[in-house]
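Quick heads-up: structures coming right below.
Note that subunit A is present in both complexes that follow, paired respectively with subunit B and with subunit C.
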Partner chain A sequence: MKLAVASGKGGTGKSMVAANLAYTLSQTESVTLIDCDVEEPNLHLFFPASVTTTDVTVPVPVVDETACQHCGVCEDFCQFGAMTVLSNRVLFFPELCHSCGGCTLVCPSDAIREVPKRIGTTSISTPLPHLKLISGMLDIGDPHAVPIIRAAKKLAADDPTIICDTAPGTSCPVIETLDGCDACILVTESTPFGLHDLRLAVDVAGRLGIPVGVVINRSDGKDQATLEFCMDHDLEVMMTIPFEREIAAIQSRGDLLCRVRPEWQKAFTALFIKCSALAGGD
Partner chain B sequence: MIRIAVISGKGGTGKTMITAALAQLLPGSLVLADCDVDAANLELLLNPKIIRTEPFMGMKTAVIDPALCTQCGVCMEHCRFGAIEHDVDEAYRVHPIRCEGCAVCVHVCPAAAVTMQPRQTGVIMYSETEWGHLVHARLVPGAGNSGLLVHAVKKTAMEQDRNCDLFLIDGPPGTGCPLISTISGVDIVLVVTEPSVSGLHDLKRVVAVCRQFRPRILVAINRFDLEESLTETIQLWCNEEKIPVIGKIPFDPVVIESVRNGVPVTRTGTSPAAQAIQILESNLNEELRHYRDQRK
Partner chain C sequence: MKLCFTAKGATLDSLSEERFGRAPYFIIVESENGSFEAIQNPYADGAGGVGPKAAQILIAHDVKALISGQVGGNAREVLVGAGISMYTYKAGGSVKDAFDQFTKNTLARS
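And then the complex of A and B:
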């Protein structure tokens, strides 16, 4: 099963849920945890281990100035404004390039070829005997998160149980992570911010046809609006984690709730069973 | 006009709560923008009255005309985004969410069956609030181009209210496309962090991104009393990096109450968080004074 943990709003506890779920499952079976929040990956902080790191590259064009006629066809074609052709040379803006390969196809002089450009890395580690952690990390200053997510997910291949921690928001990185998942946990908090963004996240998952269930984190008991929303939209609240300073402190220190308080493992095992039911369409 | 962006790296550290309080407290004329376009929350605290809305057209996307398509599959071969779909016995279709709008399929199609079509991927709203105009947006969930929409939101604010003293931006989390679009051209960034290993890690990364744009960088530590030893670590790191920590806000349940009531936390009197944000605001004001003097 491929499971995503997402939220819409940032800081609701996605990584906390993903890390504890993976930790608990790894006590009895093999789990692959993927950090798809490649702009600000954090899961490696909770699972320190030696890693094997690989560069992620995307193809970008290089212009052979001796062959180039400076005709401007590549500039006209590029939908992203990444090429500007001057009378004697071509300016290329890599941060705008989507690596579609269009310029190489349209160039009438065959003057453009593609070379790999590094935009970030993926790291694999085995922090626990049955836990594989894959982390994608975008290079500082690079805007292109999506190819890193794609590369990180590819490394998990067909591992039997995959948990993807997702970036906040509802745009490209979230879509890329959710795409192909069997079920999605949406972690929320009972505030108007949490509910507003939960609504958006439910919409996104719905558009992708992925079944969702909800986890309410840092509950102070005033969950009525969230519970009503879930009931109206036929969403199961699969777990509620109370607000406790000690739980927050465990997470802040980079520790795991289920390691410090093993009695929580039961709740995370139950959460996984509910996710399996979601994925199975029960 | 001085442009200030409130950002964080890590999500959920309190950007929006602080932006709303600063909107209430900062003196001078102000225009606001919510650049966290895929989960925009500032409107929930500022109670805006929408003056007008305009559609946001994202990148054009490819559309295949089934009447012209000969089902040769050349487009699918060339699409690098997996955006062309073809079920058995069905025509070729473009997956609108995956399509990035590169137009390679248009170029390679031998039957001229593919065209690029404009698509509305969001709405930009220009609104009135008690503290100044607010430009905010709604991205169609699942649509791409959030960086482009951020650019459009900023542009609207700067064109409509160019004579304001301050342009205050509530930014997105992360370090990628929307964040880079938010901080480009900004004079001051205020990074809101929290005392957690994730908060510190993400602070370091987002500061490294900001350094490429050369704005003045300031830090505020929210919920600083939840893990005081990490607060100290963050302060030491900021000292080494010569980044002023201009505010430390304690954990305070009144913050959540004010969000539930839909008002800036500084509205509801003299809670510990509100008092701390007032100190933050006066430090920020001092920074603004320096900045104006330097400009002269």
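And then the complex of A and C:
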């Protein structure tokens, strides 16, 4: 099963849920945890281990100015404004390029070739005997998170149990992470912002056809609005984690709730069983 | 010489627009005789890369100077490369006012 942990709103506890779920499952079976929040990966902080790192590259065009006729065909073709053809040279903006390869194909003078450009890395480690951790990391200043996420997910290949920790929000990096997942946990908090963004995330998962269940984190017991929303949208609240100083302290020092307080493993095991049911598994 | 003013509308009385790449209209004025042409900016609501695309419109229309509020880095690089000079107008008045200021030489080059 491939499971995504998403939220809409940032800071609700996606990584906390993903890390504890992966830790708990790894006590009894093989688990692959993928940090798809490539702009700000943090799961490695909970699972320190030696890593094998690989560069992620995307193809970008290089223009041979001696062969270029400055005809402007590549500029007209590029929908992203990455190529501007002046009378005597071509300006290329790598951060606007989506690596579609179109300019190379349409150039009538064969003056454009593609070269790899590094945009970030993937790291792989085995912090626990049955836990594989894959982290994508986008280079600072690079805007293209999606190819890193794609590369990180590819490293997991067909591992039997995969948990993807997504970026916050509902934009391209989240869509790329959700793509191909069998079920999605949406972690929320009982605040107006939490509910507002939960609504957006439910909409996105619905459009992608991915079944969703909700985890309420940092619950102060006043979850009425969230519970009503979930009831109205036929969403199961699969788990509620209380707003407790001790939980926050464990998390803040980079430890895991399920390691410090093993009684929580039962709740996370139950969460996984509910996710399997969502996915139409057992 | 052709001048380009970024504007919210299609006439000389339209308010000037501070943004370049996402300006609704480019008003191109012939400084010799004051005649003008309004071009609707097809990239005003574009997702990204609108700066260079908008600059390409100015190049295609043989514009020599741009009068706008703010020009982003990518657009600036294209405009500099094409030899188009840039002047800052942020008074929020009409295109006509911006044109008057330009002719009086009171606008700063950016």
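Please note the rule applied: the second predicted complex is superposed on the first by the 280 of 282 C-alpha atoms of A that agree within 3 Å, B and C clash if a C-alpha of one lies under 4 Å from a C-alpha of the other, contacts with A are read in each partner's own complex, and residues count from 1 in each chain.
Criterion: a contact is a pair of C-beta atoms (placed from the backbone, for glycine too) under 8 Å apart; a residue touches a chain by one contact, two chains touch by 3 or more.
The shown structure was predicted, so the numbers you read here are calculated from the model rather than taken from an experiment.
Looking at the superposition, the partner that touches the larger set of subunit A residues, subunit B or subunit C, turns out to be B. Looking at the shared chain after the overlay, A:Asp182 reaches neither subunit B nor subunit C.
In the superposed model, A:Gly10 lies in contact with subunit B only, and not with subunit C.
Looking at the shared chain after the overlay, A:Leu96 reaches subunit C, while subunit B stays out of its contact range.
Look at A:Glu114: by the touch rule set out above, it reaches neither subunit B nor subunit C.
When the shared chain is aligned, subunit C comes close enough to touch A:Leu86, but subunit B does not. Using the contact criterion defined above for the overlaid structures, shared-chain residue A:Asp203 touches subunit B, although it does not reach subunit C.
Once the two complexes are overlaid on chain A, the subunit A residues touched by subunit B in the first and by subunit C in the second are 79-80.
Within the complex formed with subunit A, the subunit C residues making contact are 43, 48-53, 55-56, 59, 74, 77-78, 81-82. On the subunit B side of its complex with subunit A, the touching residues are 8-13, 16, 36-39, 41, 44, 59-60, 78, 80-81, 97-98, 100-104, 107-108, 116, 139, 141-147, 172-180, 194-199, 201-202, 205-206, 208-209, 212, 226-227, 230, 251, 253, 256, 259-260, 262. By the touch rule above, subunit A contacts subunit C in their complex via residues 75, 78-82, 84, 86, 89, 91, 93, 96. Across the complex, subunit A meets subunit B through its residues 8-12, 15, 37-40, 42, 45, 77, 79-80, 95, 98-102, 105-106, 138, 140-145, 167-175, 179, 191-193, 196-197, 200-201, 203-204, 207-208, 220, 222, 245, 248-249, 251-254.
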